[in-house]
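Heads up, there are several structures right after this.
Each of the next two complexes has chain A plus one more chain, namely chain B in the first and chain C in the second.
And then the complex of A and B:
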């Protein structure tokens, strides 16, 4: 539309949220504002998507000097990787405003702020700017969880906040180390991510900085063994917060690994890739098994989400284009499927006042449309062919097999656990005998059905025709891995070949 | 000569103004409110003057005035601005505070002006005797201010502790100055530096002993480990606006002179760098441990002040004696001062009569009753915790950058770990304000808006300094 589209996508929601908080506006106005602003962001997002060219470089760039004497600039841009997280956020957030009609003003205002901050984090091309949005992102979550959460909200709030801030501060130290290293190697201050990739990092301190970054992102993703905040926070948080946390914020952790750690710390990343991918696979198994045992739908989804994040992270750690492309693809697939599942869990909770699996049953007889939507999202989440989940998981497993057959086989077999808990839960909640409670379950209203329809269609379209998405992701993925290729000839040499990928896609179809 | 006076004008204004206020306070017709307004006016004018000086002479480093006894650099000007700003904010919060705690007499504001005058002199002093005189001008006024509430036991205890220990610190300083004079043959910083460069530092016992005692005196004033024990009691006993003033302006002045002293010679800085390294780490961690256990807000803020002193010591360890600009220290002091003063300004009006609301538990549910005050306090706490986009974040960023640039990776890492620990007690207040139900109506004397206005202005300053770092 014009040259400041990204800034508008970032600051329009933030400004609207702050104005709502500072003025004595009512709930109704807050919700209408939320709908209007998130729709505006959606339109801007679609605009960016249609004008996006399938090349690897940053597009829609903006650059304003901010603290020039230390090389910090207000610089934005999107590439194929950030584009899809940006889009996922702008497609999914209007849903929340449309579906939840009776929340308080602070609820809607905080959602708007978090939307803007997330857009900022994925668009930032300067690492300090990224850090600023990364931290701002946490504040609305802190307040929403603490103000509108469940019974044990305060413990959960403190846990997630202190965990995340500990990670971010370690990352801050690492970021500053990068800046100082750049200053000593090139004689000027610069914090642009593209510049930092030129750094020649080796030695013990560089490895420490790498660990600082990885801990921060491992906490956000969350990667085993930093996942312990997740079940509490996801369970206690109000639906919209869980939705934002799982559908988008966790993805920004993966995005940050792809965008910052892979190209900047190429040597250390290659060295630790095996350990990290083992941690991803182990997290998948552990959280998957934990999910089987859960009796609370939301808590089960929380563990399932953690398990899926394990496989998404694994795709990044495989260090090849298939794995990385699969990860980005799976990020969108997971945002649409698990995100929507959390919203469905919220709907069940709203209508039944319980989330206990054993208290439910037979919902499908009374709410066939709801059951159908739920089933589609659920099948996408377990990776049924024909849904978006399949393409992503297939690419990741392929990448993993190339990286290390052992890990590939391990990851492939672990996917079965996902099918176990999901289908078993579906059976107990939607089939079997209905009881006094579930007899009263009202099906989705027409409005709710229309709200969810685009997302459900997206799941199927992405499962059947992935080409328009993959052609935008792939060039960016190759650029991120270019540095790695220099250090790891043997493993990556065969996968940089683009034709290789063409074959792959034909296989998929 | 004219130029010299122009540069000193803010200090002279505050000093003469202090005398004027003292005379004015003898007239019965001049009420506390009028005195408060005059105090604000005085600090406001002096602040603008200092700002004018800073803008008019932006890039003269180390300009010697008064025959090398004083120095005017960007650093001293910035510190002066912080001190005068603190004075202004203190007068504003005191105006409202004394509506609810009626033990004020009109001399209060002249004492604030006197101490600010001493602080300004301290930031500029380049000679040991001037430093001592400035230190005492500042301290004497502060002693009285700490014990201003004569009826209160805690205030009396506070002033006694502070006076006794402060006297020791003053004595240490004098002794140190005498030894340095013996070792270097002068009390002027420039000549001491010349003497060290010519004769070396390490072998000169008088110089080492003297600088040790001087540094001890400074560490006492900034409440660094192991001279931090007085802080919690004194801050708790002093009345809220004074606690805020002590925590910010006094610390600014002492850190300014501390930095000026350490950079006078590279040999001196090298000699103490290891000691300061351990002291800064211990200061941060001891401060955090003290703060985590507190129930009273004022004591928590006192302990968090210790932690911030630790961060500033990191900056002192990392300063480059060759190209010293003091920008990092001044910026951090500004960021810290705005946050701390803001909380104390808020406490001045939220505390109620006889400071009845001073514990964490008393502020439960504040956000439900007074959302704007709670939001402002949250902003200050986030700034002190170093969360972007507040001023505290940029301050921490500059400090860690300077530490890593100086090769002090370990200090940077310890600083980061310490900020993680400090999240605990900052978050605790936010959690209390927002996530609990209100137990109190938080009614205050609503017709006096001065402290609330001051709080809101400072809240805006947190972002203004964070987004446009003009000082550095």
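And then the complex of A and C:
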């Protein structure tokens, strides 16, 4: 549509958010601005998606020299992996602006800034630019959680702050190390991600940098045992913030691993893949089992979300194209299922003034449309074939079996663990007998029904006809994995050489 | 291409469309119901159209040469990643066309029956939407041309099973029964998914549909083949209620009776048998896996028959009977008698659907009373139901010349002929027990004196819309066996020949004497069983009390309680422990440590911040002198 579509997607929301904050605009204006800007971003996002060609390279690239003497540039682009997070962010955010209205001006402004910064983080092709957007993206979350959160918002904010700041520091140190390493190997400064992948990194310091990166992203995803900020933050944050955190921001952690850690630290990644995949699969099981004991519906979804993120991360660690493609597919599937479930939990909370599972019951009799929507999102979340959740989950399990049959079997238990807590919750919230509280439950209004309809349809369309999405992901996944394959070939070649060398030694004797 | 058929996808599509239409109409009108009467009729259209198409498939296939007898439709590429290429494809071959025929036929009949049975129910439309959805999923399962597409139907029927078991959602126990079915099935599905994954990485790179897999099956290493077979069988034990995952099926009787007839007797629960027959090209080369399948099957048959002898709920008797008969089917496919196993699936669908629908008519007449010890003497009041049910019972019990006799005998004979003596022996014993528990139910319900006079007075024969399907099914239960008449009765084993191009089996040559011996043993077992039942219950009997072993069996060996205390409770307890102990104390420890560390450092420095200028002056002097000392040293 325009030459600078990506820049527009980034800076339109950020600028609007800042203007709202700095001018004495009222709540009404803020909301209208939010709707308008997010709609514009939606149109731009769909435009990018339809014009995107199924090849692996970066597209819609933009390049403006920024600090050329130290190799830092304003450079953007999307590939098949970032495309889906960009799409999720632009498709889902209008929902939030349209449906959740009772908050203050600053809330809308912060949401807009988050939206722009998230787009920036996934489009950045320069690692410094990525870091800047990453930090901008986190700030509004602190405000939204700390200002507009629930009862224990201060504790939750403190927790998420400590974790994220620690992660950011480690990442910054690792980025600086990468720049220095590039300078020493190639004699010039450059922070373009595509250039950094050419680095030949080995040795203890490189591994430390790898660990730094991984911890930063493991906190964001979150991977076990870095998940403890999540239940508190997701539970205490206002609905829209939880939605943004779970549906999109957590995915940026996975994206960063795919885009930066896999190609740049290929050797270390291959070496640590088993450990990382164990962490993913154990986190899935641990959080899934923890979910069954929760009696707050939102907190249950928080654990459920963490459980799914373990599986999504696992797909990346399987180091094969099925697993990686499955992960990227699951990123958007999870956004439309668990993400939307958080919105539904918000609707229940708005209407019932409680999130306690045992206080609810029989909602299905009074709100059949809501129950239907909820059930479809729930079934996608447990990976039922015919919904978007199945494709990704199946590909990840398939990839995990290839990676290690043992991990594959453990990963498969997600099929069982998911239904246990979900069905039991659905039973106690939607079925059984209604009570004097739930008889007053009003079904979705026409507006709500229409707003959620595209998402619910997307769940089914992505389950029945995923190929148009998959064909955009796969080439990019192949490119990311090509680095790993090279590494493994080199390792094999090295060991062959070593053997030859050994033979030579024997001959010499 | 002569083998392509573009109409295959409409077979599942018709019922699925019906489900969507009825479902949407229900959602939009459930507050103010209109057209309530028409939903049942709309719901019957899809299944009947599918049945017509199934007939067309059958006759198309029949007109083809035997070796190229299949129709295929690849509707679109479903997903393709690397070597994995899955099409939304449908395959009709002799095996799936046989399944198609009886699934659509019995499905249509049960839809018609449901118009009567569910009449006046509050969620009439919802029921039919689910029923249509089920039938569509079942047809996807049957027609799927690759394991992945089959899995779509596989999980789809599981979902519908859940929805229909917990159909009366206001009662907690119904919902729990539904959850149990879904979760136990999911345990099986884990096996299915892993089996598919192992199969793919072994031979799936050159195509993951059945045609390609069959062509490449000889590349499978024996160890991998065994793993795949056992994992797939785990899936089958879940869906088809075999040891150790059979526990959900008896509880599934919480759903409306037509559901029990269609889903939990005739069609869905036989999917596991179908799957093993589908993969016969692998199973046939792994005799160890076959033996395991056969033994699990026959032991399940035995266990369920024991439980069936002591049940007092009419539907539970039939439920355990279904588990037991499914065990026979697995024994059949396990001893590589795939056509015999599938033929039993076929005949069982008729007589078990008949028995369930008959039981439904009784329950309907008795105002939702299901306890057989509250019934009695209903023969006079409900003659059509009685006589059709007796036909079904005779078929189930294996009375000579009824359908169940031919199909069950074929399995037992094949077990014997293939050298599985143990399986044959257990099978004959179970045949006797089957006759006993079936006629125990018939005698207690229909013979003797009424045990509840009030209910008896109000009982009446069911309306035509319900009795007509009973009569049609009774005809099937009588004559379906003649489709596969063995040579000893002058028949030609039509079904076996029909299935021969698909399933990999060989027919051992055994003397007529062994065949006769096998048949006589079955007949003797049948006579003993029915005679015992007549002696105890034929002329009226009181509700028995149980002690010792019978009490143990009455409580189903306490398997449910065992599973609950070994799996369910610990699972919940671990969840609770994570929530109450691990999360606050262990995983939160580092972050608490960080904050405490900050506090401690702050406390430590607080000591120096005393607030007197003179103390700060001392700090300054000490600092400056240390600095100047360091400077002087370093400069030197």
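One rule holds for everything that comes next: the second predicted complex is superposed on the first by the 487 of 509 C-alpha atoms of A that agree within 3 Å, B and C clash if a C-alpha of one lies under 4 Å from a C-alpha of the other, contacts with A are read in each partner's own complex, and residues count from 1 in each chain.
Assume a contact is a pair of C-beta atoms (placed from the backbone, for glycine too) under 8 Å apart; a residue touches a chain by one contact, two chains touch by 3 or more.
From a predicted model like this one, the values you see are computed outputs, not experimental measurements.
> Quick one: classify A:162 as touching chain B (first), chain C (second), both or neither.
It touches chain B and chain C both.
> When the two structures are overlaid on chain A, which partner does A:413 contact: first (chain B), second (chain C), both, or neither?
The second partner, chain C, only.
> Answer with first, second, both or neither: which of chain B and chain C does A:205 touch in the superposed model?
It touches chain B, and chain C stays clear.
> If we overlay the two complexes on their shared chain A, which of chain B and chain C does A:180 touch? Say first, second, both or neither.
first
> For A:26, decide between first (touching chain B), second (touching chain C), both and neither.
neither
> Could you tell me if A:395 is touching chain B, chain C, both of them or neither one (first, second, both, neither)?
Second partner only, chain C.
> Would you sort A:54 into first (chain B), second (chain C), both or neither based on which partner it touches?
The answer is neither, since A:54 touches no partner chain.
> Tell me which touches more residues of chain A here: chain C or chain B.
With both complexes superposed on chain A, more residues of chain A are touched by C.
> Once chain A of both complexes is superposed, is A:170 in touch with chain B (first), chain C (second), both, or neither?
first
> Would you please give the residues of chain A that touch chain B in one complex and also touch chain C in the other complex?
Residues 158, 162 of chain A touch both chain B and chain C.
> Name, in rising order, each residue of chain C that touches chain A in their complex.
Residues of chain C touching chain A: 26-27, 30, 76-82, 84, 88, 148, 151-152, 154-156, 159, 162, 166, 169-170, 172, 175-176, 178-179, 182-183, 186-187, 189-190, 193-194, 196-198, 200-201, 571-572, 574-576, 578-580, 583, 587-588, 591, 594-595.
> Quick check on the complex: what are the chain B residues that touch chain A?
375, 382, 385-389, 393, 396-398, 400-401, 404-405, 409, 412-413, 416, 419-420, 423-424, 427, 431, 434-435, 469, 472
> Write out the stretch or stretches of chain A touching chain B in their complex.
Within the complex, chain A contacts chain B at residues 21, 67, 69-70, 128, 131-132, 135-136, 139, 143, 146-147, 153-154, 157-158, 161-162, 165-166, 169-170, 172-173, 176-177, 179-180, 183, 205, 208.
> Which chain A residues qualify as touching chain C in the complex?
For this pair, the touching residues of chain A are 158-159, 162-163, 225, 227-229, 231, 286, 289-294, 320-322, 325-326, 362, 364, 368-369, 372, 379, 384-386, 390-391, 394-395, 397-398, 401-402, 405, 408-409, 412-413, 415-416, 419-420, 423-424, 427, 430-433, 464-467, 470-471, 474.
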